[in-house]
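Across the two complexes that follow, subunit A remains constant while its partner is subunit B and subsequently subunit C.
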Partner chain A sequence: MTTLILGLVLGGTYALLALGLTIQYGIARIMNLAYGEITLAAAFVLVFLFQAAGISPLAAILLVGPLGYAIGWALYAVMMRPLVARSGGGSRLEVDSILATFGLLFVIQGLLLMVFGSNFTSIAYLDQGISVFGVTVALNRLLAFAVCVIAGGALTLAISRSRWGLVMRAVALTPSSAPLVGIDVNRVARQAFALGSALAAIGGTSVAMYQTFSATDGVVFTMKALVIVIMGGVGNVPGVLVAGFALGLVETFVATMIDPGLTLAATFAIFLGVLLWRPQGIFGRRA
Partner chain B sequence: MSRIALAVVTVVLLAAIPGYLSDYSLGLMIGLVTYVTLASAWALFSGHTRYVSLATVAFYGSGAYTVAVLNESLPYPLVLLCAGLIGFLLALIVGLSTLRLAGIYFVIFSFGLAELIRQLITWYEVNVTGTLGRYIFLDVTARGIYWQMLALAVFTIGLSAWIGRHRLGLALKVIGDDEMVAAHSGIDLSRTKLIAFTLSSTIITLAGAIASPRWTYVEPSLVFNPTVSFLTVIMALLGGANRLWGPLMGAVPLFLLFEWLSVSFPDTYPVILGLMFIAVVFLFPQGLLSSAEAFRNRLKGGTA
Partner chain C sequence: MLEVRNLSVRYGKHLALDDVSVTVNTGEMVAILGANGAGKSSLLNAIGRRVQAASGTLLYRGQELSQLPQHLLVASGIALVPEGRGIFPRLSVEENLTLGSLPARDKRNTGQRRELVHAIFPKLAERRHQIAGTMSGGEQQMVAIGRALMSDPDLLLLDEPSLGLAPIVTQEVFAALARIRGNGLTIMLVEQNARATLALADRAYLLEAGRVTGSGTASDLRNDPAVVNAFLGGSAA
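Then we have the complex of A and B:
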C-alpha cells in the first residue's frame, strides 16, 4: 500500500513531465534532449528562492511556471525557429533539433554547475507525515502530487475541450494543412514549445519539494519522460498520463523491493519491452 | 596512387614521432589520435545514415571498464579481445531492438545508454563484488598506447574508405537520403544499419580499452563521462560526418582547442562547449569540408 501511494505521487510528477515533452515533440516537432535540464533549473531556482528569500514553494511555482513559459518561448524564437525554417518541414528537423538541444543540454548543465555546484540538493519543506488510507505520507509529497494533478488535469481538459486545444491538435495532426484553415503554425508551435517548458519547470518544482537531486541528473529525467511518451504513444495525452503513473509505480516498486540503484534499469526494461512488443505505444494505434 | 603514398608517409611519420616528444606532448598526441578514432568510427555509422548515436561513451567506457576488470586475470591481447566482444554484443542488443524502428527510438535509446550502464555497473560493484573503483596495472607504456591507438585510427579510416566504395557504403548513403527509396531498391535496411552500427561500436569499445591504462584508477563515474560522447559528435559534425576525412579535420583543431579551454577556463568550459556545439549545428550543417567546397565553387563561379 505504501508502495502504491508513493508510486502514484512519483507517477504524478512523471506524468506532468512527460506531458510537457509530448506537447513539445507532438506539436512543435522539436525533440528536446535538454528537457530534463529545464526541469532541474526550475528545481534549483525553487530551492534558491526558498533558502535565500524565504519564498514558499507554492508561491514560487506561480513564479517559476511563467518563467519556464517565457524561457521556452525565447528558446523557440531564437534557436528552434531557424532550424524549422531551414528544414522546410522535412525529416531534417528531427536530426537538427536533436543535435541543437544536445548542445543546449550542456549549456544549461554547465550553467547549473557554475551557479549551484555539483552537490546533491534538497529542502526540508512540510515534511511532517499525514495519514492517507493508513499510510503515512509526507505533506510535501501530497502537495507536489496536487500541483501535478491540477496542472496536468487543467491542461488535458484545455486540449481536449477548448478551441485553443483544437488548434493545437490540428497542428499536431497535420502541420502542412493547418495553415489552410487559418492557423498560424509558427505561433502555435512556439506556444506549444513554451507550454512544454512551463510544464517542465512546474514538474521541476514538484521534484524539488520532495526529492534529492543534483545538477547532472537531467539526462535521467529526460530519459524517463521520453520513455513515458513512447509508452503512451506520441501525442496521446491520456496515454501519456496513464504511462506516467505506471512508470512511477514500477519505479517505486523496484526501489522498495529490489534496489533503489536500479530504477533507471527498470525504465529501460520497460522501454525495451515497448520497443519489442508495441513500438506505437501501449495506447497508440498501429500506423 | 600518390594519395596512398602520402597517407603511408604520414602514418610512418606519425609512428616515428614519439621518440622526439616529451611525456606531455605524447599524452596530447594519444588524446588526439583517440578522438580521431572515435569521431571517424562514429561517422562510420551516423555520418551517412543520419542516425545520431549519443552513446559513444557507453561503448568507450565499457571498453575501459572491461580492461579494469580483467587486466589481472588475463593476458593483454585476450583482454582486448574480450573488450571488443563485449562492445560487439552490446551493439547487437541495442541495434536489434531499435534499428528496425524509426530513427528516433535509436536516438533515445542511445541517449540514456551510458547512464544505464554506469548505474548497472555501480549497482553490481556495490552489491555483489563490494568494490567500487578498480586499478589497472599493465606494463603498457605511453608509446605502446600511442602506437596501438594509431593503428586503430588507421584501421578505422581505412575501413571507412573501403566501405565507402562498396555496396555497404552505397546502401548506407541511400538509407540516409531516403529509407523508403532504399527499401524499394532492395536494400535490407535493418541488416545494413546493424552491420555499420556494430562495426562502429566495436571500434569505439576497443578505443576505450586501449586508452584505459592511461587512467590507472577506474571508476564508473570517471569512464562514463558524457563529455566524451559530446566531443565525438561535435568533432565529426564540424569536419563533416559524411566525408571520409571530415571527422579527422574536425577532431584535430577541436581537440587542441578543448585542451586549451579546459585548462584556461575550467569552470565555464561546459558552457563554452555547449555553445560551440550549437554554433556548429547552425553554421556548418554539412561540415567544414562541404562549406569550404561550396565557397571554392562560388569563387570559381564568380571569376568565370
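Then we have the complex of A and C:
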C-alpha cells in the first residue's frame, strides 16, 4: 500500500513532465533534449525563492509556471524558429532540433552549476506526515501530487474539449491542412513549445517540494519523460498520463522490493521492451 | 472579383505555369480544364497561396494576394479545397466542420452555416461523430467542401473534386456544387472531367502545358469540335 501511494505520487510528477515533452514534440515537432534542464532550473528557482525570499512553494508555482512559459517562448523565437524556417516543414527539423537542444542542455547545466553549485539540494517544506488509507505520507508529496493532477488534468481537458485544444490537435495530427482553416502553424508551434516549457517548470516545482536533486540531474528527467512519451504513444495524451503513473509505480516498487539502485535500470528495461515489441507505444495505435 | 495576371509558377527548372491570365467575376462558376500535368493544380495552389508564384499578380477585390501568408487567405473570403482534400482525417466530421468555422468573419451565423452544410450534405449530419479518415472518398470530399463552406467564403476554389470518385458519387458531388452555386457563391474549379464540368460551369479556360490555349462560355466550348475531340472523347454530348 505504501508502495502504491508513493508510486502514484511519483507517477503524477512523471506524467506531468511527459505531458509537456509530448506537447513540444507532437505539436511543435521539436524533440527537446534540454527539457529536464528547464525542470531543474525551475526546481532551483523554487528553492531560491523559498530560502532567500521566504516565498511559499505554492505561491512560487504561480510565478515559476508563467516564467517557464516565457522562457519557452523566447527559446522558440530565438533558437527554434530559424531551424523551423530552414527545414521547410521537412524531417530535417527533428535532427536539427535534437542537436540544438543537446547543446542547450549543456549551456543550461553549466549555468545551473555556476549559480547553484553541484551540491544536492532539497528543502524542508511541510514534511510532517499525514495518514492516507493507513499509510503515512509527507504532506509535501501530497501537495506535489495535487499540483500535478490539477495542472495535468486541466490541460488534458482543455486539449480534448476546448476549441483551443481542437486547434492544437489539428496541428499535431495534420499540420499541412491547418493553414486551410486559417491556422498559423508557426504561432501554434510557438505556443505549444512555451506551454511544454511551463509544464516542465511546474513539474520542476513539484520535484523540488519532495525530492533531493542536483544540477546534473536534468538528463535523467528528460530521459524518463521520453521513455513515458514513447510508452504512452507519441502524441497520445491519455496514454502518456497512464504511462507516467505506471513508471512511477514500477520505480517505487523496484526501489522498495528489490534495490533502490535499480530504478533507472528498470526504467530503461521497460523502455527497451516497448521499443522492441510495441514501438507504437503500449497505448499507441499502429501508424 | 479575382483577376490573375501573367502568372508563372516554377518548380526548380520546370515551368509549370507560363504567363497565365484568368478572370473570375462575382457569382460565376469558372472551370479550368486540362489533362494531367497541364498546370491546373499549380494555378489553383498559387491562388490558394500554397505555392509561391515566380511572377505575375493575383488581384482579389483590388487587393494584391501574391505575398499573403496562406493562413490569412481564408479570412479574406477565399476557401480552398486542395488536391487530396486537405481534411483532418483523424478528427471527426464535426471537428472538421468546427475547424472550418474558426476563420469565418461572422461567427454569429456558425449554427446557420452548419445547418446549410448539413442540408447540402445530409451524410455529414448522419455521420457527424465518425472519424473523417474512415469515410469513403466521396464522403471525404463532402467533408472537405463542407468545411470550406463553414468559413463563409465568397470564392470557393476546388481542385478536382471528382478525382478518384465513382461516376455516381461524382454526380452526387456535382449536384451539391450546383446547390452551392445556387446560394450565390462564386466558384473556380479545376477538373479533368470536362463533360460534367461544362454542364455546370458558366465559363471555362483550357490549359495545356502550362499555358491557356482557349477559353469561352461553357455552351460554346461544349460545341467546339476541338474541345469535343480533346476533352469530351470525340462525340459531342
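As a working rule, the second predicted complex is superposed on the first by the 287 of 287 C-alpha atoms of A that agree within 3 Å, B and C clash if a C-alpha of one lies under 4 Å from a C-alpha of the other, contacts with A are read in each partner's own complex, and residues count from 1 in each chain.
One rule holds in what follows: contacts are C-beta pairs under 8 Å (C-beta built on N, C-alpha and C of every residue); 3 or more make two chains touch, one makes a residue touch a chain.
Being a predicted model, the structure only gives us computed values, none of them experimental.
Once the two complexes are laid over each other on the shared chain, residue contacts for A:Leu166 go to subunit C alone; subunit B is not touched. Judged by the touch definition given at the top, the superposed model places A:Leu157 against neither subunit B nor subunit C. Of the two partner chains placed by superposition, only subunit B is touched by A:Met223; subunit C is not. After overlaying the two complexes on the shared chain, residue contacts for A:Leu113 are found with subunit B alone; subunit C is out of touch. By the touch criterion defined above, A:Glu94 lies against subunit B but remains apart from subunit C after alignment on the C-alpha atoms of chain A. Using the contact criterion defined above for the overlaid structures, shared-chain residue A:Pro82 touches subunit B, although it does not reach subunit C.
Contacts of A:Leu272 after superposition on the shared chain: subunit B is touched, whereas subunit C is not. Touch counts on subunit A: comparing subunit C and subunit B, the chain ahead is B.
Of the two partner chains, subunit B is the only one that A:Gly103 touches; subunit C does not reach it. Overlap of the subunit B and subunit C interfaces on subunit A: none, as no residue is touched by both. Only residues 50, 52, 54, 97-98, 101, 103-105, 107-109, 111-112, 115-116, 119-120, 122-123, 126-127, 226, 230, 233-234, 237, 267-278, 280-282, 285 of subunit B touch subunit A when the two sit together in their complex.
If you check the complex, the residues on subunit A that touch subunit C are 163, 166-167, 169-170, 173-174, 176-185.
Residue ranges of subunit C in contact with subunit A, taken from their complex: 50, 69-75, 79-80, 82, 86-91, 95, 98-100, 102-103, 147-148, 151. Those residues of subunit A that touch subunit B in the complex are listed here as 31, 33, 79, 82-83, 86, 94-96, 98-100, 102-111, 113-114, 219-220, 222-223, 226-227, 230, 259, 261-262, 264-265, 267-268, 271-272, 275-276, 279.
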